[in-house]
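One chain, chain A, appears in both complexes that follow, with chain B as partner in the first and chain C in the second.
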Partner chain A sequence: MAEVIDKITAVQRISDIYEANLSKISSGLPDYVNNSRRSALAAFRRMGIPGFKNENYKYTDLTRLFDNENFRRAFKTDEFDVDLKDVFSCDVPEFDTHLILVVNGWYDEKNNPNASHPEGIIIKSFQKAVVENRDLVEKYYGKIAKAEADPLTALNTAFAQDGLFIYIPDNTHISKPLQLINILRSEDDLYVTQRNLIIAGKNSQAKIMFCDHTLLPQNFIVNNITEFEIEEDAVIDIYSIQNQHNKTANLIGLYIRQQQNSHLVTNAVSLHGGIIRNNLNVLLDGEHAEAKICGLALSDKNQHVDNYTFIEHAKPNCQSDQLYKNILDDSSTGGFTGRIHVAPHAVKTQAYQRNNNVLLTNAAKMNTKPQLVIDNDDVKCSHGATVGRINEEALFYLQSRGINEKEARLMLMFAFAHEVLAEIKVDKLRDVIDKLVNKRLRGEVSKCHSCALDCIR
Partner chain B sequence: MLVIKDLYAKVEEKDILKGINLTVNAGEVHVIMGPNGSGKSTLANVLAGNTNFEVTHGTATFNGKDLLEMSADVRAKEGLFLGFQYPVEIPGVSMVNFLKTAVNEHRKYRDQPPLSASDFLKLMREKKTLVQIDSQLTNRSVNEGFSGGEKKKNEIFQMAMLEPSLAILDETDSGLDIDALRIVSNGVNLLKTPNNATILVTHYQRLLDYIIPDFVHVLYQGRIVKSAGKELALELEEKGYDWIKKELGE
Partner chain C sequence: MNTETLMEDQNKLLHEVTQRDYRFGFVTDIETDTIIKGLNEEVIRIISAKKDEPEFMLEFRLKAYRRWLTMKMPEWAQLKIPEIDYQEIIFYAAPSQQAKYESLNEVDPELLRTFEKLGIPLEEQKMLSGVAVDAVIDSVSVKTTFKETLAERGIIFCSFSEAVKHHPDLIQKYLGMAVPYNDNYFAALNSAVFSDGSFVYIPKGTKCPMELSTYFRINAQNTGQFERTLIIADDDSYVSYLEGCTAPMRDENQLHAAVVEIIALDRAEVKYSTVQNWYPGDKNGKGGIFNFVTKRGVCKGISSKIRWNQVETGSAITWKYPSCILMGDNSVAEFNSVALTNNFQQADTGTKMIHIGKNTKSTIVSKGISAGHSSNSYRGLVRVSPKAENARNYSQCDSLLLGDTCGAHTFPYIEVANSSSIVEHEATTSKIGEDQIFYCNQRGISTEDAIGMIVNGYAREVINKLPMEFAVEAQKLLQISLEGSVG
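Our next item is the complex of A and B:
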């Protein structure tokens, strides 16, 4: 006798996981974090798994990914038996950073000795910060990344347990970059939820680097949300290097709120990954705030990289400038959506956007669209998008000078990519990333030079 | 040095070269003239290995080797140089990186070690003086934002850096002011040795005030229809191409 059972939907399965594990998820966390879970889950159920039906996820359908996953959830910190110093070494001695290690979404207490952090800065686990730094956290948590607006943010808010907390006090300038290394390492397929909160105080200055790595060849899904408050006059650079294997879905949401006169640079370099989705939300919430927003994505095989940006000009006299580039090989696919909203009273806004793409094969595909909603007349806005191929005339010119075709192609691709990398103002970091991109374009293993973690399998 | 026999070539199903015969020996300077669209640039590009053009018949040997078998970069490393009629701008590729790569690819081909950074800069300084190219230009991306004349000078500068045995200069004199024309011609003359040869494609006799050719050829409708000494250039300057067309029975 065959019984027909309705196939349970991914949304229902995830809701069931939530109900079954709620006590584990909530354990050790205060009410102001736990109380937002249920409404976030309801928001997630309402919006569903991000897919073609959701206008914001038109270019990245995650329904198959979620339908097919039955991955372990890391509800507590995994025992990570490796000493950071054993696996991490820097072969660029001059490139010196403050290292912070997060493993499977959990701040790694053992490998993050607090003493080594620069004076006055708080760097600790989200779990600890919500209790120990309640005055700071409660003011921002869930206020910059709103669960109702995005299914992945909702999902993260329902399941959030740990991640990274950084507080940079007012007037503090950190010259050495803070380098956050996100490591995925599991013997079985793993679903990771990570929640970060970073607060840059008034007139502070810092450079923060996110490095996303995989250590073992399992399937991974990462649902990572970062809330970032940049207060008045602060100058913040955020660099992210995404370098994970093809069985990883790296779903990243970065929410930034900028106050008056603050200055932001973001540069996301997607070197390698299965599915990469970067949601970047910048709210320019104080006059004369400036944001320079860049991204470079290199993809091959069946990789997919989708950058979605939403720049909200809420106050007058702000400036945003976006530059995104993709180089797509084989049958890889890419997406770029650049949403800009200029509020009615946000006069004297300057908002620029450019997206240039090179397809190396006929099978590679790129979707790109600007989405400008401008609610006043006193603005300067521009946008432009191109999808093209390697310039054959330039290729012949280089070859006619004795440079072989392969090298000439590389020179042209690198020249194309370098415009984005040139925006990295830390010389040593730019050199490191230049080299990585060069190696990646050459098809050599793109393992970070500066990292002994063997990421690519 | 270069022997072209009965060469036919087409582009996008259109026949352009229709039986070119030409022999160039070491130490010689050849000039190719001819009306617009007659196939001069096509010939230059075919010789340099531009795969947009398809050779349908004939042979070309360079120092005894089959030129048409070689890829463009190998032709360059064998000593052939094309000065482009329209040099392309390549944003993001710096002149220095471009030239260093090119020079070292040539050296590798000859089993020589790459030049050290300081030797390379020295070489570049020396050649810059020779062609009197503005120092600023070599700090930029290849041809990016260069004026028409600057692009042409840059071609001669690259030629000086690579020291080819056969240079084909496609209208390198067009768009040059009088001073630049003299400088470029000087460069060509200074680089001339008994072991190398030059093919100049030009529309103007004035270039020949500075560079004395051994032969002048007229290319018309894909064929070399007339060859003579330098006096032919003067005659063309004076009378145009009609009399040649008439001679051909048109």
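Our next item is the complex of A and C:
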């Protein structure tokens, strides 16, 4: 080292925070969780802050975000004096869900009365589950979310304290969707670490919604990692709606492992948020597993939305199908990285991927990186990616039928977006999101009618 | 030659090549003038002095070398590259008889035999085929043909060192314009130590009357081949340039880091075709050439056009992305590629299309064929800058897999910052259908022949773009060594 370093690097600062607070972070958690922290931190130090030098983060540079030193970290849950159920009500008419609240990455006991949950299913804080459901958690914790491969996962593993634990027993069918609401609420800028583990037992069926919201206008960084195990014959739908204010950096890692004959649908709708990064990793680890993976991102102002998917076909006869769309306005930027890997013995694989993007202004920018990594010849794989604009002929056609240009544009954009929304299998939910997207495209505040949340500022 | 006989030829060729070992593995026994192995500033000064270069060239080399020292070997490619010890490489090797030859009789007969084995149409053959050959053996241009014919039209086609001597103004103006000395690790290395290469200048309004051709051949043991080609097409000119490469069989890996620069001015058109057939290593992945090449063209003028055609069948490791920077308004770029890997070969190849001017168009057609234990990747970038109004790109990348132990990968990068542009990319990966082979078998065509036919049909879209004069040559070289990988 020839040069004098006068500024402490973000990596060093984070390491220092870790060392100084290790006892707080580790307290109350068993060894099998704590033992992985040290190596995870080392992995993070090796990889550094995700930025364009990391091939997987080529289009999302987080170095400036992490340079900000003003973020507070909470090593125990904050006290809330209000009942969040009063503040928050997701009023979707006739759309009934099991509500689960997570505040700043902490499972909120007070607002989650256990009685309301469907029978047999375990929903509790991660912190409790690691002790009380040790047999389940130890088997799955840190197994698919590998700290060595991703800096954000490493960071999360090093600092993980709480989050959500859900266990759906074998043969359990839950008809009402589970709605997990992540709320950010802090008087000062906050860095949130959240760790979730969800296990769907054999032949279980469930629909799970993730809703990400902000309650206060502070800056937030969310480092959220979820491990999701889907056992044989299970049918799981995961919908996520990201609707946070533009001072939030929502860094989401979802790791899914699918066993034989399981069926998965994921659909991520990104409406608002400053920096949104969705890392979706699906491991098809049993024959005849199927995954349908969709995403829609509408962005404007200086928003940045980057969807990263990594679909690993590890066993024969699996199918995956991806559809991602972006509509970019103002000077927003979008990213898409979709990687399909077919392992050497995963024969009869079918894997498809499509990414379509519309740019509305010259200041908007779209970067897309679809990738196929195929190590076997008995496969059918394809991908396609386009970046373009609203079809002028279609626009002319609509105008010639007496629809004004603005309305015609909106119709075409909405039709473009709807292809992704059409994959949502819960009718009521699809209608709601349709409406939200429609409002969003019109530039109106996109929240539900009677929701007290003031997401956009 | 009509299409039927051409196809017949192709079939015959495919069949031939699937059945044989590497044909061009022989070492020509010529005295070579080499310098001590290793790399330092002294070596660069020696190279520059040996070539009697002006000061600005030495400056360029040293600047590049100093930059190279600060750079790291790129690791992003889908390649497993064994560590390269740059101190073990001899950076300069030239045939020692450097006298200028007036006629072929004066040329070392060994060398002529080498050309003969390669089938290079030097002299009589080249008169018939109308190919002017600038043969590069281990980096020094030995014999440049057809020079007089070309000179009449003001076309300059000579070795790089000659150009440095006789046209220093052109070199100074254009060297490093497309590929700056600090562009990447291997380009910097090349800029520091390049020994020779070809130089082409087509004057204003001139259509080059013949295909210009060069042969690269790595000969002396432990020498890296670092050549540099610079092609300048002035306003309203046209040139088609052909490049073919072979290397003798050797067990050690040899390093080849070349740079090709093309500058197309207003309304100029350049067609650059490559058949790359370096020694790919043996069936166990031992030996072979490391082919780390930087090729880039700049469509500098309005309505200029650059077309890259390549057939890549050789090299143990290929790392190559012939690119185009579309600066002039209405400029057009094309990239057509067939890349075949077999045994333990690795290829990471593709293109970059950078749209800067208005109404620019680019087309990418890439066909990958992988067999054996090889790994074949397409990696391409399409970038549309905010000012590139109405830019248009279409990319198609297909991969064909022969056998379940090989890999085919596709890594396109698309970066668009202009809302009036349209960029499309599609890629498919598949194997040869059993039904297709069954259909052929049923009609009395053996499986081997059927695969030849299908591969031929698959690659045809690109092979057809090769210039006719080169096609015959290329077909002889096109070594689709699918031996043992099918059946």
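Following the convention adopted for this analysis, the second predicted complex is superposed on the first by the 445 of 457 C-alpha atoms of A that agree within 3 Å, B and C clash if a C-alpha of one lies under 4 Å from a C-alpha of the other, contacts with A are read in each partner's own complex, and residues count from 1 in each chain.
By definition in this document, contacts are C-beta pairs under 8 Å (C-beta built on N, C-alpha and C of every residue); 3 or more make two chains touch, one makes a residue touch a chain.
Note that the structure is predicted; figures quoted are calculated from it, not measured.
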* In the superposition on chain A, see if there is space for chain B and chain C together, and answer fit or clash. => fit
* Asked: Which partner does A:416 contact after superposing on A: first (chain B), second (chain C), both, neither?
  -> first
* Which partner reaches more residues of chain A (counting touched residues only), chain B or chain C -> C
* Asked: Once the shared chain is lined up, is A:404 touching chain B (first), chain C (second), both, or neither of them?
  -> first
* To do: Answer with first, second, both or neither: which of chain B and chain C does A:359 touch in the superposed model?
  => second
* First, second, both or neither for A:378, with chain B first and chain C second -> second
* Which value, in Å, gives the least CA distance between chain B and chain C in the superposed three-chain arrangement? -> 14
* Asked: Shared contact residues on chain A for chain B and chain C?
  -> none
* **Of all residues in chain A, those that touch chain B in their complex** => 391-394, 396-405, 407-408, 411-412, 414-416, 418-419
* Interfacial residue positions of chain C with respect to chain A in the complex -> 76, 78, 384, 386, 399, 401-431
* To do: Going by the contact rule at the top, pick out the chain B residues touching chain A in the complex.
  => 48-52, 71-73, 75-77, 81-82, 84, 87-88, 90-93, 97-98, 101-102, 105-106, 109, 141-142, 158, 162
* To do: State the interface residues of chain A toward chain C in the complex, per the touch definition above.
  => 55, 58, 344-345, 347, 357, 359-389
